[in-house]
Amino acid sequence: MQEQRVEILYNEPVSSRYFRLGLKWKTSVIVPGHFVMLRVSDGLDPLLRRPFGVYKVLNAKGRDKLKGDGIELIYQVVGKGTGILSGKTPGEVLSVLGPLGNGFPVPHPSQDIVMIAGGMGIVPLYLFASTIKRGSLLFGARGKAQTLVAKDFKALGLKVRFATEDGSLGHKGYVTDLLSGAITPGTIVYACGPAPMLKKAAEICAKEGAQCYVSLERAMACGIGVCLGCAVKASAHNERENKNYVMVCSDGPVFESALIDWDRI
Amino acid sequence: MQEQRVEILYNEPVSSRYFRLGLKWKTSVIVPGHFVMLRVSDGLDPLLRRPFGVYKVLNAKGRDKLKGDGIELIYQVVGKGTGILSGKTPGEVLSVLGPLGNGFPVPHPSQDIVMIAGGMGIVPLYLFASTIKRGSLLFGARGKAQTLVAKDFKALGLKVRFATEDGSLGHKGYVTDLLSGAITPGTIVYACGPAPMLKKAAEICAKEGAQCYVSLERAMACGIGVCLGCAVKASAHNERENKNYVMVCSDGPVFESALIDWDRI
Amino acid sequence: MKKTKENPLAIVVAGIRLKNPVMTASGTFGYGSEFMPYTDLSKLGGIVVKGLSLKPRQGNPSPRIVETPCGMLNAIGLQNVGVEAFITDKLPKLKGVDTAVVANIFGETVDEYIEVAKRLDDTEGVSALEINISCPNVKKGGIVFGTDPFEAARVVSAVKKATRLPVITKLSPNVTDIRVMAKAVEDAGTDAVSLINTITGMVIDIEKRRPVLATSTGGLSGPAIRPIAVRMVWQVSQAVRVPIIGMGGIMSAKDALEFIIAGASAVQVGTANFVDPDISVKVVSGIAEYVERHGTTVKDLVGSLTTG
Amino acid sequence: MKKTKENPLAIVVAGIRLKNPVMTASGTFGYGSEFMPYTDLSKLGGIVVKGLSLKPRQGNPSPRIVETPCGMLNAIGLQNVGVEAFITDKLPKLKGVDTAVVANIFGETVDEYIEVAKRLDDTEGVSALEINISCPNVKKGGIVFGTDPFEAARVVSAVKKATRLPVITKLSPNVTDIRVMAKAVEDAGTDAVSLINTITGMVIDIEKRRPVLATSTGGLSGPAIRPIAVRMVWQVSQAVRVPIIGMGGIMSAKDALEFIIAGASAVQVGTANFVDPDISVKVVSGIAEYVERHGTTVKDLVGSLTTG
């Protein structure tokens, strides 16, 4: 959990706006769903760390494959911080805080597993899938270019169904369109992606009686539950527990979908 | 004079804290004493450009050797901006504004020339010396390590005398200790270095009746005479011309020493 | 019926027609002509020149500037050539440049403001006056005009009487409630307000144990102050009806649009001109791109913020 | 004659003995114990906990934070567990940690301040109270206590009467003249002042044309505001005799020393804790190195600035 300075092993473009970042990492076991906070520059702008999910544990040893020589992150260049990150070269050293947060709960062996990802939401789900090694994935993306990482998924031997808004791959439309058809009341759904997608997935699961866990994203300052910046409104059910807001970084990022007030997400 | 984005040709350490920076530069003729303003990062911190003198014109062609394929700067890592600069690699592109300022005046062919440099003050004097190809240099530095660039000077065939505070090379003490002995009333002195050194040099020259030109440094924001930030107080003589302050960037950086109010430098 | 396609960037502020909402801020653009080698002045909505006083002023001792995180402090001390030399030496150089020229003026007494305003009143080539009230009021023991609503209003109504030019009053952010100041100068008859001027700050050299600036404190500008400036523009836009010119840390079209959406009819680019002397023109083209992409006009964007 | 070598970093502020002048700022360090995995709390001069109210508060809707150039805005809305849960659940976790614990308190009425203060008065493990007066005064239509010298003084004297603990009053920077506020709370009996709290700011999402924060505006913190904070500490140090605790954008020992030299007896590190949870301890060792190199003490450095 400590802050550490780790070496960059590789930082390679997957496509023009997506990069795989390999970091030396020997210290702690990663649980799928964990994230890390990277400091992209020693300067004061950008000031805050940037959160990223863990995609892979490199050269993982042992039974659960969650401790190895390094970790791989996948990031999309969207602004200042990720722009600077994309210019880093192997051998450079980054300050990393983590692993942080609570991971995905382990499913019951008898449960059917459906993973549903939108865009970069694929990241924590891949690590989860590579541990659990069963279930199927529904993957929504803007277009074909963004589905590159899905190759890794297929290599795991998991069934992957695509949805693209432009119809360039798989179903034309939203990935949540595929969800009702893929679940039954016993299914456990793991979802990660943009808020509207998660909201829709939560609704569908509630309707179909499936269990649903979502991994949320929120602008973060500290990543460790102290700034109270990454709050999301808890559902009325949770309000009775006297927790009106939950913190994505320390209470999450993975939540049971019923705990979230989806109207105020 | 325009802002341009130029490619880094090389950025090599001379010693641990000094770097030679080669930049592609085909556009404009450089006059010795000119400086450029570099933007070390596209981010907002550091916000302002950093001023650096021009040390060399690379592959210079033609009579006056002042137009070539590139320019070389030498910089010392002293803070945030120069720290970032030292991490840049060949092929990266920098935004450069320049050449800026007014260079050293050309001496009369009959005049004896003495150059006196302290630390990084060597930079503009080297370009001057490599054009004028005569005279002698008095070079003051903290210790032996900082005198590396003096090799280039010797290669020009000029006489160099050193002064180091720790006595590790040449005279033990201040470089200005050597000045009285090196000049006569007809000499023209070109000085660049820290303010106390310049002040002392100006005093000695005034006393000995030698002409003296100094190249000043001052924190700069714009480099083009509009922010009025780099002001230095003019001497009483200049006050009569209704110029109480002169701007180092646009009125200088080279000034006749009598124009400066050395008590308020 | 013919429908002339109007310039979607054009905006009228205090009766001044600007071809686009981007002006350069006083003190960061000299007298304008210094930027001719670096940028195309005719592409700018307007130029606000360095603050002018009745007599030339030599300014403060040096050091006058110091960089700060994402900003800078300046204590130039309002050095300027004086209104006379401006009219005879500087203004003629802008002849033929197709942009609005605004003269920023200041004084140490109300009378001085009046005299500078009068001198500029019959000067060709000046589109408006911008009154800098962030100046020490010598008669009031150095308290700045701009932090006292009564004194600010006094200056504004005096200048209004002394000139036929539109008057923009430039507000200081160093106040508890900038709406109070804005209302005071609106009531005094200003045609527009511009904000924000710099925020007082200080940097200390810990080795010398002295302030870096010769005057101890200076004015903070640059992107560091932008969130404060946007907030103040938004507050003022809800308090007054006169148009607002917003500024403080604008480095890009995105930043400028924050001010416009918050309620500014036009913006001024300041410190950024030091970083890139062509940046103001880049802000213009960025705004043009945004307006085009959203099929809107600057006029419609002004104050288009939805809150709550 | 034996001369005991004293700790050159030690300082007494408002009767609290600090082993060094570095504290953590309220709202940026949770209730302290959250940082145990990341840093050694016993190396800190003190910890100021998240602002406490009489009842638990749920805080503001989300988004609550946004990054700005060299800073951030927050609108947490003073979410906290309430004074009761602090005493029973949070404070015991700091038992055995060798550092001063300061409880930051606030209320929406003077009575609420009094009740929180009273509840903490007989609590073991609390060294002092810090009163946050940057809170909306519900009885005065939401005007914050901290921008009105009379209201601020009312809070301070009420709290002073309600507690035997030393009282530190935390000043808001959103005022025309912070010296007036400092003097008002000094006269009301505060044992020390701390400054600055955040400066109100706003960031707009230009695509949505909405403020990024759910509450529209938030408080600006981080290195962007440091020059303003240093200036205010210096001004206050010339206006009052009570000790000053300085803060605003401290990221390093160098920054902390600016505040101390300007007149602060101690400093608080805020936003920087988010960037590096061990940074406050690094500030301590940097100050130790400076004090050693200069053969001086923190006590002698306080207010050692030479101007003019």
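As written, the chain order gives the labels A, B, C and D, with residue 1 at the start of each chain.
Simple rule for what comes next: a residue touches a chain if its C-beta (ideal position, glycine included) is under 8 Å from a C-beta of that chain, and two chains touch if they have at least 3 such contacts.
All of these numbers come straight from a predicted model, not from anything done at the bench.
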Please flag the chain sitting at the greatest distance from chain A, going by CA centroids. B
Geometric centre distance via CA averages, chain D-chain C, whole Å: 34
Distance between the CA centroids of chain A and chain C (whole Å) is 46
Centroid from C-alpha atoms only, then distance chain A to chain B, rounded to Å. What do you get? 53
Shared-interface residues of chain D (touching two or more other chains) are 69-71, 222-223
Can you tell me which residues of chain A touch two or more of the remaining chains? 44-46
Line, ring, star, complete or other: which describes how these chains touch one another? complete
Where on chain A is chain B touching in the complex? 41, 43-46, 80, 84, 89
How about chain D: which of its residues touch chain B in the complex? 69-70
So in the complex, the part of chain B that touches chain D is made up of which residues? 44-45
Which chain C residues qualify as touching chain D in the complex? 68-71, 73, 147, 174-177, 199-204, 206, 209-211, 216-217, 220, 222-228, 230-231, 234, 249, 254, 257-258, 261-262, 290, 304-308
In the complex, chain A residues that touch chain D: 1-3, 39, 44-49, 95, 97, 218-233, 242, 244-245, 264
